[in-house]
């Protein structure tokens, strides 16, 4: 069963350094305007972004910068006002089958009336996979996130970190090409966050899935990403696209003491600060 | 040693609780028995007579001719109510604009006391079981329908996002996501509907019928068979109580996850 | 889909309104829909009766009812019937309120009392009050007293149970605060328990009010006590179906008005609590 999940080859150096070439998710001139009682509000201002196969792209920006809006448009949950999103060359108008999302609020994104195992099986059953096969896939997935024994429990019986792992397992079992994560580690404590960050890196390395992770935590974005896309405040556009040339595999201690880490971090932080100052 | 003492303590508290809970009902019944033993009042016969009437008349004579048909009507009416109420409720819950538009009409219909419609129902449908079942459906539908609408509308938008993002649609979506998510509200509506149903069942038989629990209680009253009347009332109480316990069992199973979740939130 | 189509597609609003509308416009539109629904419902009813699908000898059409209502409202008999119902309803509700709420608070607060009464309350409350109609008739005849007894018996339970439940819902943190500040019993009752339990008590009152109206009409219908229910029987027996339906509509309107009034009073009196309350039947 493990083999069926490793659809793509493990990530190579080429991919990590951004030379993969093939664009799997493309965002073209994406704009989003909201109608509010106070009038129209331009949230996203013509965003252009290319995500390459196997990449780990982190998106950071100040609060209220429309990071979540961008992610929702990319996932097909929200229709843009202008521009388009293309997955493998196909236009995204509703959530496509090759894409999975992990949301920030894990307690609300897992179904409380189903066991952990059933939760992970849910998308598989919905697309018609037979029960026994779904169950095997789900359990492999749960094992991959370190929750092999939690299948029979209910989500609300687990800790926050474990619940988010279940959500990640669910996304993984779906075998998507692209995984979108919306501030997935923001609601857990620092220690759990470090574990989950490493889990995300391991899963990307094992299963070769492309990841776009939205976060407000700059350290996290540099630690995890092959690239960090820096957004400006509203109306949001891309301020910078920083290539993270830190060595792989990353380590919570070793990587973070590297001078290069501090440089990248400083650069991004300065960008965000100056963006705030100019408002 | 301490372990054994702990078990003893828990056992003792348990027994004490059961004892306390039973004192009043058992004591009240015993007091009723004793106080009414020598009663000559027409309206308040001795409890012993009532129990005899219960055993002889109700439990055997009237069981198949009255009690069972009444309960059958209730079951049928409640079932139809659930199907229509939940089905329509889910539909309206998913179409909030329509639900808002028909809300005044529904509220008005809900406010009509079922009792007031009894004469009209008899005129329309005659004195058969259909009349009673229709009234039961009419009375019990509103709590189920309105609660279902509320429950579906209150589904967490995040749950809908997750379902959409994983392409869960159609019947599977209704069955695995919408209905379970709304189930606490729906079950609460069903609980209300059950007690309304019992009430409607009784009053639908107080007029224009030829059989049924309510009919027999009324007949007993009219022919001054007072012990039989009291026995009927007590039987109703017992039936209602048993139905409630059965429903609680159903609720226990269906909403186990909900209970667990809330217990955790409380602690 | 071409690029221009995408640009012109309306946004799948996340909390936003359709382009070009204001809040007021939305409100008016909602009211218009509701009015339309009411008109459709009335029309369907009218057509049903007129076309013979629904037997005219059993159900009156909206126009029949309206026509009958006109002269009826001027008659004294109408208002005395309505008055009788309202009187027994309010008297019954008041009595059961005075019994049920203090009792419920007491039982809810004391673990001992709760255990003692749990079984009995559970049993007694499932007895439908209508089942008492024969007994009440026997004891009191077709009088106001009969209606009153029935109403009190039936409407005590919702308020009792809700009061008991409300006492248990006192926020444990608030309770700790009261203990830390060493509230005396009286302060605790009036400043902690009653305010916390009040939304539940209010819900109980609302349910009881609806139930007691139902019981009032029921007692009049079956027992012959004066009131709306009695009029319904009389009109049915004399074959005056439209007039009978006027009374049916009146009873529904009474129930609606009572409910609306109570909801408003509740909302105003419990403004501070409304953030924590859920909406349910």
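First chain written, first letter: the chains are A, B and C, and each begins at residue 1.
What we mean here is this: contacts are C-beta pairs under 8 Å (C-beta built on N, C-alpha and C of every residue); 3 or more make two chains touch, one makes a residue touch a chain.
Here the structure is a predicted model, which is why all the values come from computation and not from measurement.
Farthest chain from subunit B, going by the mean of C-alpha atoms per chain?
Centre of mass proxy via C-alpha means gives A as farthest from subunit B.
Any idea whether A-B or B-C has more C-beta pairs in contact?
Output for the comparison: B-C.
Roughly how many whole angstrom separate the Cα centroids of subunit A and subunit C?
So the centre of subunit A lies 50 Å away from the centre of subunit C.
Averaged over CA atoms, how far is the centre of subunit A from the centre of subunit B? Could you give it in whole Å?
It comes to 49 Å between the two C-alpha centres.
Where the centres are mean C-alpha positions, what is the separation of subunit B from subunit C, in Å?
18
Name, in rising order, each residue of subunit B that touches subunit C in their complex.
17, 20-25, 28, 43, 97, 100-105, 107-109, 111-120, 123-124, 143, 146-147, 150, 185, 188-189, 192, 195, 198-199, 202-203, 206-207, 214, 217-218, 220-221, 226, 229-230, 232-233, 236-237, 240-241, 243-244
Which residues of subunit B touch subunit A in their complex?
Contact set of subunit B toward subunit A: 156, 158-159, 161-162, 164-169, 172-173, 176-177, 180-181, 183, 257-258, 260-261, 264.
In the complex, go through subunit A and note every residue touching subunit B.
My answer: residues 75-77, 94-95, 97, 99-101, 103, 105, 108-109, 111-114, 122-123, 125-127, 154, 156-157, 170, 174.
Under the stated contact criterion, what part of subunit C meets subunit B in this complex?
Those in contact with subunit B are residues 30, 33-34, 36-38, 41, 54-55, 57-59, 112, 115-120, 122-124, 126-135, 137-139, 213-214, 217-218, 221-222, 228-229, 232-233, 236, 241, 244-245, 247-248, 251-253, 255-256, 259, 279-281.
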